[in-house]
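Read through the structures below before going on.
The two complexes that follow have chain A in common; it is paired with chain B in the first and with chain C in the second.
Up next is the complex of A and B:
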């Protein structure tokens, strides 16, 4: 009899299977793909944020050495591809025919035999622009008389969206003892993935089949939309998302480069490669956040929180392209009551068009949850300071208590599980909260500035239940297809797409857990629409909650059939057969068993009479609810009264994502997310001047943190399983990005509160802090 | 659209004379040393020279030599060599401080002392060091060699006293003596970035702690690298009390004329000239006294 091998199932901190090829450089990104006869696409981009195009002359470029095609918006018009629909029911320009609407917008595509020839020829295209008045401030964009960004619209107003109960909220605000309010701006940032966007498009004119290798987080959605727009049958279109160097929401979008490359391939009959370089990608692809809000919180004098309201303007750039579920024009912002048991809440958001690239990326965030968490966590801190109650104590007093789960929030969400006080208490203990507060008190007496900031966030991830969540009508299920080969090895395919999250390991561990097959024997594939089951892709921390659940359920279906085969092999009745990880045995006789591998072999060689051969299953998982991961973060900062620099001394993160599949991967996600949150809080911002010129268009101007300035992250966990997920797991990829910015800002404001500082907008540049210190007469000149 | 520079010719020089000859004859030429500023500039379209003269193959331009009356630094000396040199770490802490804060290890491995100085960006760190140390710049041109004082060398942003057919071959730093100490403080948004403001301070004090000589160079404090001459004059002959340092740093601040940009508003940068000058002088003084 064979021994049951080590399988690395649930909870194993096994190293990631895919890292071997990543570390050795044997991975395949879009730019690694090279096809015979391939040509290269480069773009003429607009120097203006808003300008009418008087004329475009392409003659010199067409005559340049190596140039095989030049494509303008007029060339796309007859194909109906000069504009394409966005995921939010708007449309976006592919190449302009009338005017440009943001700086660095693609204007003309030039295709040549080499990248160099294409870049040289780009400079030979002559575009005559008539500059137009520019609007970059969304609030000004909504005012009467503002320049109108879109020729096809009469206004810059994109949508008005409300959630919650306005009257009940206003009533509580009137009755409240204390009301605090704060204007805040969550700045525009870029996801800064390592791999810029690109594609290789090849149209086989004999078969009539376009194949596109592209940097996309959702290949099936791209295929369906492409088919609907072009009328090319969906079975003829193949979208392949190869290895992806980070997505963070930025690669849910389809950019003009892919459309123009596909058209160029049809025109030239050759494969066309388009890959943005960083200086093209950063200023022209979609952005995150850019959200102006007024948030208010009402409480009783004793610190009982009553109601929360937000009035906000969000900047969507020139096109409303947010990849939101259809019923949520402003995503899941209504999770903004957070971890607190409030009596009422109301939010209203107006979206605006401006002369910037499209915004609205859910940057490592489940559709605007980051903005929501920031709003409530900042306001709870402000309220604590106003009331003179310790921010930890105020939170503990108002948390939704564990016994109230499942908890229906006043916004209508049903939180699946939580133990918020447990996470906060653990974080406080780990960091030595009481001692830090004493130290802070002493330092204040000596004139030293030290701050402690807390963020106790609740996320909402795993979109989602089909009754509520769809994108363009397609329900947001998760899919898995698992096949066991005769030798007991496995191929498993999914409708999601890892961009570095470690799916090849995580999914293998789930199958290993359910079927007792070692992860080495399980191959996980994603990203090819010809082979993977239909799925909505990976973003918003949805892969484990949806496709991970599908993997578990499909595995269980396989186990059901395997049990029947085992009964046949063991010559026992099915109800007498017992499953123990990796093998079946007859009740009471565990020494006599059949391994899953033996059963797999029998499925093809010796299956019971009347049973279909084979051992495989497909499952489309419709989650009954979202999952609600949470955590408490505590940050300690010291502020230099001379330079205004805020140095993070310590940062403790206690996360709860339910049952953990791979602790190493979860920890990696937390570390990465915290570092991104740190960058957001302290150094990242895409700015524009009044003429729409972008600041921060490359990594020289736009700073992201390196290992040198990144604080040491002290991570820990609590485990509160999701009651409805088959594995008790929740999504975790985004918790740290979502939760951490408020902790950093709360810490800095906590240090400065005694000086009368209530808020500082991110990024917390030293010059902003220094300016406040000067205003309060607290700056040092040495 | 970017990343790929305009067309240019590329020629390798094998001697200083050949380099000078090439610079003299080639149209619109630039010297390629480490290339860590020039190549990004060409990729971003900020510079489009028609010809590059590569001096990396010229022998004997990469050296640190303190056998004579000064520390002689060959123009092709890589920044990483300054970081790794025990001599520099021990006797020239100002240079060592600055070298360690230039960009990142990859850039430091290729970037050269001469290149950093000749690029003459207001945000480059070594010009301020040369100004603080009253360095001498040795240049070769068609009519021979000449020696220029650092204080005259930096004419404007990206512009030095060098003619287009002159090549910087060596930088001479006054030799370390008892009572000398220096420090470079750099405020940056993130490691590897250009300075928000940087201050280079070099001091010589006597046994009583009285300042015998001092040099202060400022990075990112104007449109070009500048010397805080008034602060220097004020300090000579004085004991370095906190009040004296206060006054000196105020004078340095008044000398500065920074630009508002993505790294911060001008008023902040001015204030930082003051803060960093005070701190750099204090650290330089500590090091100078430590050597006595």
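Up next is the complex of A and C:
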């Protein structure tokens, strides 16, 4: 009997396959692509947030050394490309012809032989603007008489969306013993990926085939939309998404640069490269959050939570471009009842246009789940303080109990599985919660400020089931195409696109688990529309729940066929053949077996008569439901009464993402997500002044955490498999970003609650806390 | 951003007015002036080298005299662009004779900067704009002594 090879299947903490090339700098990002004769695109950008364009003079730029083309909105107009549709059924300007609607908007494209020549020529384009009144506050934008951002819409109102039962909720609020409410602003932030957006576009005029290498999280969707807009047959368009340096939702969008580069390639007959530098990318690409909400929670005096309601205004910038599923204009915010067994809830959101770049990125968040989790977790904490009940105790009292799963929430979602109390108790034990509370009590007596914050979040990911989820009508399935070569090696292709999540390893582990083939023998490919099966891409923690499931099911299809071949080889009846990881044997005679590799060889050389040759399968997986990862985070902060700095002393994160495929990758995802949540809570913010000038336009003014500021994360897990996912997995890419901000804020407010502080909007800058301490007479000057 | 200041001169308001209403002479006081073209009595085009910190480059500015009330009031409008930015300055000047001889010049400058410079150097722009405007009036005051 031969030894079964180590395959690194489910649960193996194997190091990521792709990291071999990443850590050696042998990866290929868009900016690494260089084609013969390639020219470079740069943009004239608007200094004004809102202005009418009186005239554009491109003559001096056209005559500049090295310039090969100058493209304006008027050049795009006859092609129908001056505006393009967004994923939310709105449209966005590619290049303006009449007015600009946000600062740093692309106005004119300049194409030259070198980046430097293009940048120099940009300065020679003369644009005469007539400044218009600016509106950057979404609440003001919705007021009568506000400047109209989109004259084609004649209103700044984008949508009104409601979910839940208003009457039942209001009734419970009237009957409640205690009601708490809080106005909160979830600030505008940028995803701050390492690699800014860009593309290389090449139109082969002989074949009539545009090929675009671009930083996109969803290449197939780009191809379909491009075909629909341009009428170029979809089979002639090729979108390649090479290695991507982070996406976090920001690269689901198609930006003007890609459209202008494609047109410029047609005009010049040459490959055109466009890559944003940081100072162009940060202020002009899409943003996340920017959400003003009034949240209220009703409870009985004994702490039984009854109902939750939210009234909110969402800032979408100049274009409604959220990459939301069609039926959810405000994403999955209706998950806002979170981990709690409430009797009713109601949310209503109005969207507004403002003079800002488009917003609504699901920044490491499954479509507005971050905002929802923040709202409920802040309010539960406020309620606990108001009632004088420990925040952990209040949560434990109101969690959906394990026996109630699958659980239908009052908002209509059917949670697949959960054990919320289990996760919180584990986090409490790990951090020593009771001891910390005692320490806090002692410190309060000494005038020291220490806070403990909890966030017990429930996510909703894995979009999604075809009965409910589509984008532009395309159902949100997951796809996998797996082929085993005669030598037993595997090529597997997916309709998703990793931006650093580790798909090449995770998917290989799933296939390894299902087929018993070592991951070293499995090549995973994504991102090329000419080769990968159609898919909706990677965002919203959907890859494992959808494409991962597709990989498992496709592998099982292969195994079914392999079993028939094995029976043929073993001269046994199919029903007498038993599968054991990596081999088939005859029932009762385990020594008589064929390895999957032997079976693969036979699939091409000695398959049963009448059977089709080859060993491969394709599967488009339609998930029956969403998955609902969850977790409990506990944060401990100490606040300096002199500087106002809130220092995170400890942070324990207990996550439950169902069955784990690779613990190392899951841990990495959680570390990254926590760090992003930490950045959101303490330092990141994009703001605008009254003239629409952006602040936070680059990394001089927009701070993201480095290793110096980042706390030490203590992670742990519980495992509650999803009952409907073929692997019992749930998805984890966004849990930590979604769940952690509330824990940080809850901790800081917990520290300050005795002073009468009930809320502080993020980011929790030291100066904000210092100002509060001054107001309360609690600041130290020495 | 609003800046203001005042200066006293040994010269009378009519003498000061005569000087500062002449765009060519006034332009000599524009800091870091690279080129100047007088289009008319009320309009001049200038290129100046300006910036904050490492963000430096040329700004093309159009100066217009927007108000003339001999011996008492003058108004200027400055509109320009450069470095992916726009600048609009509205300046009003008031002159008043002093009973002790000489005159007082009071100025108010309403400044708006938009675009890359404003967004990248948000924290520094106010002090830099004030510095440039003050340099301009300091220069005028020197010449009128």
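Note that in this section the second predicted complex is superposed on the first by the 780 of 782 C-alpha atoms of A that agree within 3 Å, B and C clash if a C-alpha of one lies under 4 Å from a C-alpha of the other, contacts with A are read in each partner's own complex, and residues count from 1 in each chain.
The rule is short, and it goes like this: contacts are C-beta pairs under 8 Å (C-beta built on N, C-alpha and C of every residue); 3 or more make two chains touch, one makes a residue touch a chain.
What you see is a predicted model, and the numbers here were worked out from it, not measured in a lab.
Once chain A of one complex is fitted onto chain A of the other, the partner contacts of A:129 are limited to chain C, with no touch recorded for chain B.
With both structures placed on the common chain, the touch criterion links A:564 to neither chain B nor chain C. More residues of chain A are in touch with B than with the other of chain B and chain C.
Contact with chain C, but none with chain B, is seen for A:48 once the two complexes are overlaid on the shared chain.
By the document's definition of touching, of the two partners only chain C reaches A:694; chain B does not. Of the two partner chains placed around the shared chain by superposition, neither chain B nor chain C is touched by A:397. Once chain A of one complex is fitted onto chain A of the other, the partner contacts of A:103 are limited to chain C, with no touch recorded for chain B.
In the superposed model, A:279 makes contact with both chain B and chain C.
When the two complexes are overlaid on their common chain A, residue A:475 makes contact with neither chain B nor chain C. The interface of chain A with chain B overlaps its interface with chain C at residues 45, 123, 279, 695, 698, 700-701. Residues of chain A touching chain B in their complex: 42-45, 115-116, 119-120, 122-123, 277-280, 642-645, 683, 687, 695-696, 698, 700-701, 703-706, 708-709, 765-767, 770-771, 774, 779-782. Listing the residues of chain C that touch chain A in their complex gives 57, 81-82, 84-86, 88, 112-116, 118-120, 122-123. Looking at the complex, you find that chain B touches chain A at residues 1-4, 6-7, 40, 44, 187, 189-193, 196, 242, 245-246, 249-250, 262, 264-265, 268, 271-272, 274-276, 278-279, 282. On chain A, the positions that touch chain C within their shared complex are 45-49, 103-104, 123, 127, 129, 131, 279, 283, 689, 691-695, 697-698, 700-701.
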